[in-house]
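For clarity, chains are labelled A, B and C in written order, and residue numbers in each chain start from 1.
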Amino acid sequence: MSLDSKTVANIATLARIRVPEADLPGLAQELNGIMTWIEQLNEVDTKGVQPMSGVLARDMPRRPDVVNDGGDPLKVLANAPEPAHGFFTVPKVVE
Amino acid sequence: MTDTLINDKNLIDGRTGKWEVVLGLEVHAQVTSKSKLFSGAATDFGAEPNTQVSLVDAGFPGMLPVINEVCVEQAVKTGLGLKAQINLVSVFDRKNYFYADLPNGYQISQFLQPIVGKGTIVLDLAEGEHREVGITRLHLEQDAGKSLHDQHPSKTYVDLNRAGVALMEIVSEPDMRSSEEAAAYLKKLRSILRYLGTCDGNMDEGSMRCDVNVSVRKVGDPLGTRCEIKNVNSIRYVAAAIEHEARRQIEVIEEGGSIRQETRLWDPGKGMTRAMRSKEQAHDYRYFPDPDLLPLKLDAAWVESLKAGLPELPDAKRARFVKDLGLSDYDAGVLVSEKESADFYELAAKGHDPKLTANWLTSELFGRLNAVGKSITESPVSAKALGELVGLIEDNTISGRIAKDVFTEMFETGKSAAAIVDEKGLRQVLDTGAIDVEIDKIMAANADKVAEYRGGKDKLFGFFVGQVMRAMGGKANPAMLNDRLKAKLAG
Amino acid sequence: MNDLTHLTIADALDGLAARKFSARELTDAHIQKMGAAKGLNAYITETPDLARAKADASDKRRASGGAIGALDGIPLGIKDLFCTEGVLTTAGSHILDGFKPTYESTVTSKLFDAGAVMLGKLNLDEFAMGSSNKTSYYGNVINPWKRKGDNTDLVPGGSSGGSSAAVAARIAMGATGTDTGGSIRQPAALTGTVGIKPTYGRCSRWGIVAFASSLDQAGPIARSVEDCAIMLGVMAGHDPKDSTSVEMAVPDFRKGLTGDIRGLRVGIPREYRVDGMSQEISDLWAKGAEWLKAQGAIIKEISLPHTKYALPTYYIIAPAEASSNLARYDGVRFGLRVPGNSLDEMYELTRAAGFGKEVKRRILIGTYVLSAGYYDAYYLQAQKIRALILKDFTNAFQDVDVILTPSTPSAAFGFHENEDDPVQMYLQDVFTVTVNLAGLPGISVPAGLDSKGLPLGLQMIGRAFDEETLLRSAQALERAANFTALPAGV
């Protein structure tokens, strides 16, 4: 396994982080260093082991179906960079 | 199984031969609930922008989801209604992608372990045909917000009112072969959801949306490459979009091209589909279990209790109407297709002849409602009122013919049948003496015709019935009149 | 003592109760000292006016005989990862420029409801990603400790480096921290303070900027085990707004500090004796065991076989969750926006400018390990190893009540040491990260000074939701270590 510049460019696009072309090889090398160190996990025999996504072995709590939130658009928009007429705004999207 | 689905009338003629269209539907049905799937914000349709948004829905730092118990219950009920497997453990995953109306940068959905597994749905097709279509799965997920692209020349506006509303994504197997079947699937699914009360099925308000997977192939060939048509939001458009897309694909292939797997958008204005620009990038949703949530575990006894409490669904109701009430499969099907009409019928038929009531409903009331563009819930004649009318026919208070006049007046004025009958003196004459008097008068006035009748001209019987009926203002009991007239004419 | 800033929270509460000084005086003493300690860069935002108002309110409560909270009048620092209503909250990142939450995190709400006074928002590694406090957009935090005869600035540890530095420098009596891989315990160890990460689910995560949701826990950093017990008692508790918050009564941790550890079984995990461990650390660890034994504990060697895989496992799970948690910083609803010609360009430019190098590195790793074709090899394998690590602990806790380990592989280091290789920096968390993966409570207690005069800590690990035993054991260690050294000039 080796992360090349193209792979790094792809994941950067997926993550929506602009990485200048010139930085790709260096970044690839850096990430490769980390991933190589992580590779040691392949040594571990995990046959038959149930993957664990969290430590809490209990049922998920549920809330009653009650409206007790929302209703305050000013609060929702208080930190928005360019709100307009009660909406958030972004550069125009063509679908 | 594929071959059994081939039906010649569904095949489409191309230049190079007959084509089979293969369809699978993904329906997003908004769960009927007061608050959202993971927040306490309201779900009402049509509110002012961003007024039904919790900071959880808007993805603010440190906000966390807590699941709505009613949404879980609704999903399980729906699964049970689709005769599907209920998974006692299911997992919520994050589906990661960036979009303006997806505040967290991920949608909480269920990927590997949905709450509901395989089920079935029975399509009611033309000419009383029924066919089963497989349900692959049903899972719970969050809706996204709404992007408005036409409010500003260079900006898209974002309203998050819908963000976080609970949806059930219901995925069918690729079991359908015509736009008619796809439309029947949607109608039936919508009907089941409405019977269950788990989704209002309102396609105009977006509470039921449909993505259609369309591919074409020559009969006997393996499945072709499919295109997904997004957000087709009426049953009529689903049929139109399928027709168009199938023809487009056939043309592309017949001209030597090949179909690209892509997401297309239905443009109802132009009546065609087009590739979506925003979906051109390769998908890599990086699903993983949402660490803010725990696995959803259902108690088997609780699921059983929901099952026991399910309302009677259209298929069972139709079967019962046929078996217990003696209705025709067709009439039963018409009555159960909408929960409201089935409810109306059952209320109207309470204590009355079921077949007679069904006839009055399907041939008279439905016809009138259609003519004035009203739905059964807006009917000026209530179920009880219709039942009363049927009752008046049953106890011979009025004849069926008079009943039609009474019904017309009921529909127009909203008055009760009994009131109209009394007001207008339409009560049927059941007194044989009174009928005899009128018969004698008519016979006396038409001695020549009596002689002709007795001479063998049977056809004149109708003339005498008409004369007597007219003389009695239509109120004679038709059966009695027939009996008495026959006897008297016989001499 | 004249200088009120040197009091422990426990003593200050006694002093306030006895009217020896007012909350206002206590707060003013800290505000004054904050002014003198600006060079440490411990605070991103100072809120002296707010603090004074709260202190005055506390004094009024005491004067009027009103209900007194468990931390009434105690000036604290709040890690700038906790959302505080109306007060700038940055997570140490440029991307949250100007973000003033309209809400208060559950943990800070509980602290303020108990009468605590907020002095300001403490610096941290950006989005809590780091072990040195070098990744903050708001600059490095300087450790108040220096090596003997050497004026080089040293790191305060991370990510709760502002918290540890402030508590060590007496510019907060205690501070909140968060711990995802060691971010409370490692900085506590590097600054001679006490820090506890409670069991996962003990404190609500609601309103805390998320780094890795399955690992993050809030906890206190203070100057004594007792102070940590007091603070944790207030911070902990069930929150229906957090699905991972556990519905369980919070014991009176302070009352549990009986000082009696007779018969306590203490495990010494052999796998923590890592290659290249310094003699000083090794000796201190042995000394810690002796101290506990001398108070009646039973020392047992135990095995936690998957220890060496914990750190790489963490570096899959934490970045994976972070890559998703940090997707919401997109310039649409709050914080920094860099304009772009298209939506995607706006995203890419905003996130490129808004995130620092280490955060980007982790987002990219996380995106990579979750991406199509790699999920099973990395993320799923990591989840399985995580299960094995938890099993190691479950097995060990059959035989012992607590586990004793070093807190860190070294004392505080300079800003340019460990710089070239990110993996070298990640190794700072080698002893602490297992606890997060297993969801267990862990505490770091200052246990001595190294040859250069820098504090070193010992870590104790407890059973899930048994912070009582953990705190009691830690206090026994604290008593024996009798750590009284102060950074120069404090």
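We adopt the following convention: a residue touches a chain if its C-beta (ideal position, glycine included) is under 8 Å from a C-beta of that chain, and two chains touch if they have at least 3 such contacts.
It should be emphasised that the depicted structure is a prediction, and the values quoted were computed from it without experimental measurement.
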Between the pairs B-C and A-C, the one where more C-beta pairs touch: A-C
Far-end chain from subunit A, centres as C-alpha averages: B
Centre distance in Å when subunit A and subunit B are each reduced to the mean of their C-alpha atoms: 41
Inter-chain centre distance, subunit B versus subunit C - centres from mean C-alpha coordinates, in Å: 58
Centroid spacing, where centroids are CA-atom means, of subunit A and subunit C in whole angstrom: 24
Multi-partner residues of subunit C (at least 2 other chains): 99, 102, 214, 240, 243-244, 323, 327, 330, 332-334, 343-344, 347, 367, 371
Per-residue multi-chain contacts in subunit A, two or more chains: 13-14, 16, 53-54, 56, 58, 60-61, 63, 75-76, 82, 88, 90-91, 93
For subunit B, residues contacting two or more additional chains: 55, 58, 66-67, 98, 100, 156, 158, 284, 286, 288, 291, 293-294
Residue numbers on subunit C that touch subunit A, as the complex places them: 98-100, 102, 200-201, 214, 240, 243-244, 246-247, 306, 308-309, 312-313, 315-316, 323, 327, 330-335, 337, 339-349, 351-352, 355, 360-361, 363-365, 367-368, 371, 377-378, 380-388, 390, 421-423, 438-439, 464
In the complex with subunit C, residue positions of subunit A that touch it: 3, 7-8, 11-19, 27, 30-31, 33-35, 37-38, 40-44, 46, 49-56, 58, 60-61, 63, 75-76, 78-82, 88, 90-91, 93
Touching residues (chain side subunit B, partner subunit A) in the complex: 33-35, 39-42, 48-58, 66-72, 91, 98, 100, 147-149, 151-160, 265, 276-278, 281, 284, 286, 288-289, 291, 293-297
Sites on subunit A touched by subunit B in the complex: 13-14, 16, 53-54, 56, 58-73, 75-77, 82, 84-95
Subunit B-touching residues of subunit C, taken from the complex the two chains share: 82-83, 89, 91, 96, 99, 101-103, 105, 205-210, 212-214, 240-244, 320-321, 323-324, 326-328, 330, 332-334, 343-344, 347, 367, 370-372, 375, 379
